[in-house]
Amino acid sequence: MFVQRPEARPATVEVFVEGLPVLLPEGASAAAAVLLAGLPAIRETPVKGSPRLPYCMMGICFDCLAEIDGVANRQACMVPVAPGMRIAPQRGARHARLEAEV
Amino acid sequence: MTVTYDTIVVGGGLVGTAIAYGLQKRGLSTLLLDEGDVAHRASRGNFGLVWVQSKGLGAPHYQRWTRGSADAWPGLAAELEGRTGLNLGLHQPGGLHICLSGEEFEQRIAYMERLQREAGNLGLEYRMLDHAETAAMLPGIGPAVVGASWTPYDGHASPLFLMRSLHSAFTEAGGIYRPNAGVSQGKAAPRDFAVEAEGETHRAPRIVLAAGLGNAALAPLFGLETPVRPQRGQILVTERARQLLPIPTTSIRQTDEGSLMIGDSKEEAGFDSVSQTPEIMQSMARRAVLTFPWIAELNIVRAWSALRVMAPDGLPIYDESSRFPGAFTANCHSGVTLAGAHADILAPMIITGALAPDLAPFSARRFHDVRSAA
Amino acid sequence: MRRYDLAIVGAGPAGMAAAVEAASLGVSVLVVDEQLAPGGQVFRSVESAAGDPALAGEFLDAGGALARGFRAALGAGGGIEYSPRTTLWHVDLEAGVISVLRDRRSEEIAASRVLLATGAQERPVPIPGWTLPGVMGAGAAQILLKTAGAVPGGPLVLAGQGPLTWLLAVQLLRAGAGPITMLETGGKGALWDAFRAGGLWTGRRLLTKGVGLVREARRRGLRVVRSVRDLRAEGDGRVQRVRWAGGETACDMLLLHEGVIPTTHVTRALGLEHRWDEGQLCWRPVLDEWGATSHGLVAVAGDGGGIGGWEAAAATGRIAAIDAAWRLGRLPEDEATRRAAPHRQTLAAALALRPFLDRLYAPAPEVLAPSDDATIVCRCEEINAGQVRHAAKLGATGPNQAKAYLRAGMGPCQGRMCGTTVAALIAQERGISIAEAGALRPRAPFKPLTVGEMAGLPAEAE
């Protein structure tokens, strides 16, 4: 649904949204990557499993929670893209990782 | 204009509402007067434990009262769920008190031994668990956990849904709830009480003071005494996570929604319930991470501080006025644990007009006895 | 512990201007900001967007100049420490210590004065279906344009009102987005009512700018439907069409906008005095003419103290910086007054048109308190308007009790999105004003941080 304009803003940073490569301009956010990748949802709510995409893009609404580089529930609109970043939707409540125990 | 009721309950927190509900469902027309949206409201800061171990050392009557309430809880929860359709999230799988050092563990052993001794013929089932036994009950405990005490009586519930369902059930049973109706004045005569709220005079032959910290100023107007002071407690709440903790501990529990609640701080900070101290939050977070290292990666989405209602000896105060029969007061910092007792043990006593003898040790008279003995 | 004379939170127009002014007066300054680069939301990514013709005009010119001035002051070694990607999570008012999070580490920093320049957020527009993927704030789409050069690809509906809707329509059309339908929600007669607010002559420059935008948007083919009511977004799993009283249109995206409101999350959490602004229909901290709040440590500058736009924000930033210098003993009082005078003139000019705009673009009661009970109010906990009304009937007299009853406001956004809507619904149900219903009392941490970060223990290896 969002399209880029490489003539105005060259896309130079490659990230992976659910494994698919997406190129973005420097300074764009992980939430922008998800919108540009065209995912149907960046998260499914932990309450009712409703699909959501980013709403405010400025750190207010927390509807852009996603798993970024393996860390669950990060506010994707506040995380600038970095080369090789892996972004995946947050599906429902996160799993706490017991193996992180040691 | 004057309206007359069978009972007036002052204080719409967990204590007052549980009592009011207990009165109304037994047929007494009850007026519940409450403050507004912003008030001290210890109930909104309740941690949500239905907790037996850790209660009543040196006060066997308190231990019995707590156990009685924990026993009454399943019935109360089922009844409220039936009346309101709200699931209170009650689970009573037993509970653990985690010890993070050999010293804490030794102290706990002595504590539980004494608690059991004082329980007398009521009995107290408990076990001290070492690290491996604790790990078998709780997944993912950290190496810092030396051990824990376990009792089968403990549990937890949602304090907020308890509050809402008590309000709901009280109102649906015909009770009158009036918010924004803080009470500062009243008239007392034996079995005849009047309070002003919202420009109306309310009269009743019984009055129950359950206004938390507000009771300190209110009680003398009705021939009662409640020397309570605020003790600040802070709570950290994480985002929702998949269910991991099958059993609550004294300072960490997982709610039905999936949030991990981290609590158990105690500070003497006057009436300041707004400030939060990073040092206290940090030490709570540290203890949580030492107990469950996997908690470290969860986001804290809320923190809360609230004021516990503490008597000088930390025990509840239940009392009746000898000067103005019909005036009662209830004060405690365990509005969730004791909800069962308040609704179904205390309320019937208030209806009959006198507290049962086993509540006598909770009278504020005990503070005078201590002073005269000293 | 690091120590500064002045800690400024936010690097938008107010924060940047305040930093430059304060440093020029010999005040040591720390600027913490959540973003990667200075600009705030209004001039977000202004440095890296410099080559985008769609953003030509005030954004690149004025925003670029502010950012260059800020960078120059940083480079001059003039006593400004700039800490981007840094989040404020706690302020200890008594000790004068702020807690910030950067690179997953929490740090406490001492400050003799704290200036909150945290700006504005878009007013939430709770219509039925606003949680559907494909519905977002107009400001959000503009941020995508500013930060990524991206624009919506298919048929687009821009619904609501306010100066931003016209600016955004022009920017998106210049960038090749479209077709765009604008559904203007303003009421008939709002214009005549607004004229009575006056200020048109003093604010004629801003007014001319606005008229220019409207003309350009029409020239570029914007379709406009006026006096739209009863908006709803519909679709299966994402927005597919927008309906309103008397019309509907298919779309790929719906952008909503009913103006902006101050971000009062931190100021409310600090227990500072606030008042409900009947003109702007929002809470704002009570400030004196220097931007000082009800607490001696804290000042507020920019839109966080009341909506005025970027020129007013920069002026209030400079005034608050001069006040800080005076309080710190770096300026005598008469000198502070003298220095502030030109900024007060700028401020007055920038605010002249505000009453006109506030009336012209006053959100309908429906925006504040949605009438359809099924409308989601709390997006985090998925609580709808009907549930809030029920809580009000049960006895909730304000948003804090409603939060306890319903969990509305208990999710990760901590009530930033739902607080005012919940209060408005309660006010309507109980027949009281929103001011009487009150505001949520948030607490620290102002933004989520992990238990490990709060514990200050090293983050576990991943």
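Per-chain numbering from 1; labels A, B and C assigned in written order.
Here is the rule we use: a contact is a pair of C-beta atoms (placed from the backbone, for glycine too) under 8 Å apart; a residue touches a chain by one contact, two chains touch by 3 or more.
On a predicted model such as this, the values are computed, not experimentally measured, just so you know.
Looking at which of A-B and B-C shares more C-beta pairs in contact, the answer is the pair B-C. In this assembly, the chain whose C-alpha centre lies farthest from chain A is B. Each chain gets a centre from the mean of its Cα atoms; for chain A and chain C, those two points are 23 Å apart.
Between chain A and chain B, the centres computed from C-alpha atoms are 42 Å apart.
We define each chain's centre as the mean of its Cα atoms; on that basis chain B and chain C are separated by 40 Å.
The multi-chain contact residues of chain C, meaning those touching 2 or more other chains, are 411-412, 448, 460.
Residue positions of chain A touching 2 or more other chains: 71, 73, 100. Residues of chain B in contact with two or more other chains: 239, 257, 293, 295-299. Listing the residues of chain B that touch chain C in their complex gives 12, 34, 36-38, 43-44, 160, 163-164, 167-168, 171, 177, 179-180, 236-239, 257, 262, 274-278, 281-282, 285-286, 288-289, 293, 295-305.
Chain C contributes residues 90, 92-94, 97, 99, 108, 271, 391, 394-401, 404-407, 410-412, 414, 437-438, 441, 443-445, 448-452, 454-457, 459-460 to its touches with chain B in the complex. Looking at the complex, you find that chain A touches chain C at residues 1-6, 8-9, 24-29, 32, 35-36, 40-41, 45, 47-48, 50-63, 65, 69-71, 73, 75, 77-78, 80, 100.
The touching residues of chain A, when paired with chain B in their complex, are 46, 71-73, 92-98, 100-102. Residues of chain C touching chain A in their complex: 34, 36-37, 41, 45, 48-49, 51-54, 85, 121-122, 131, 133-137, 139-141, 143-144, 147-154, 175-176, 237-238, 252-253, 263, 379-382, 411-413, 416-417, 447-448, 460, 462.
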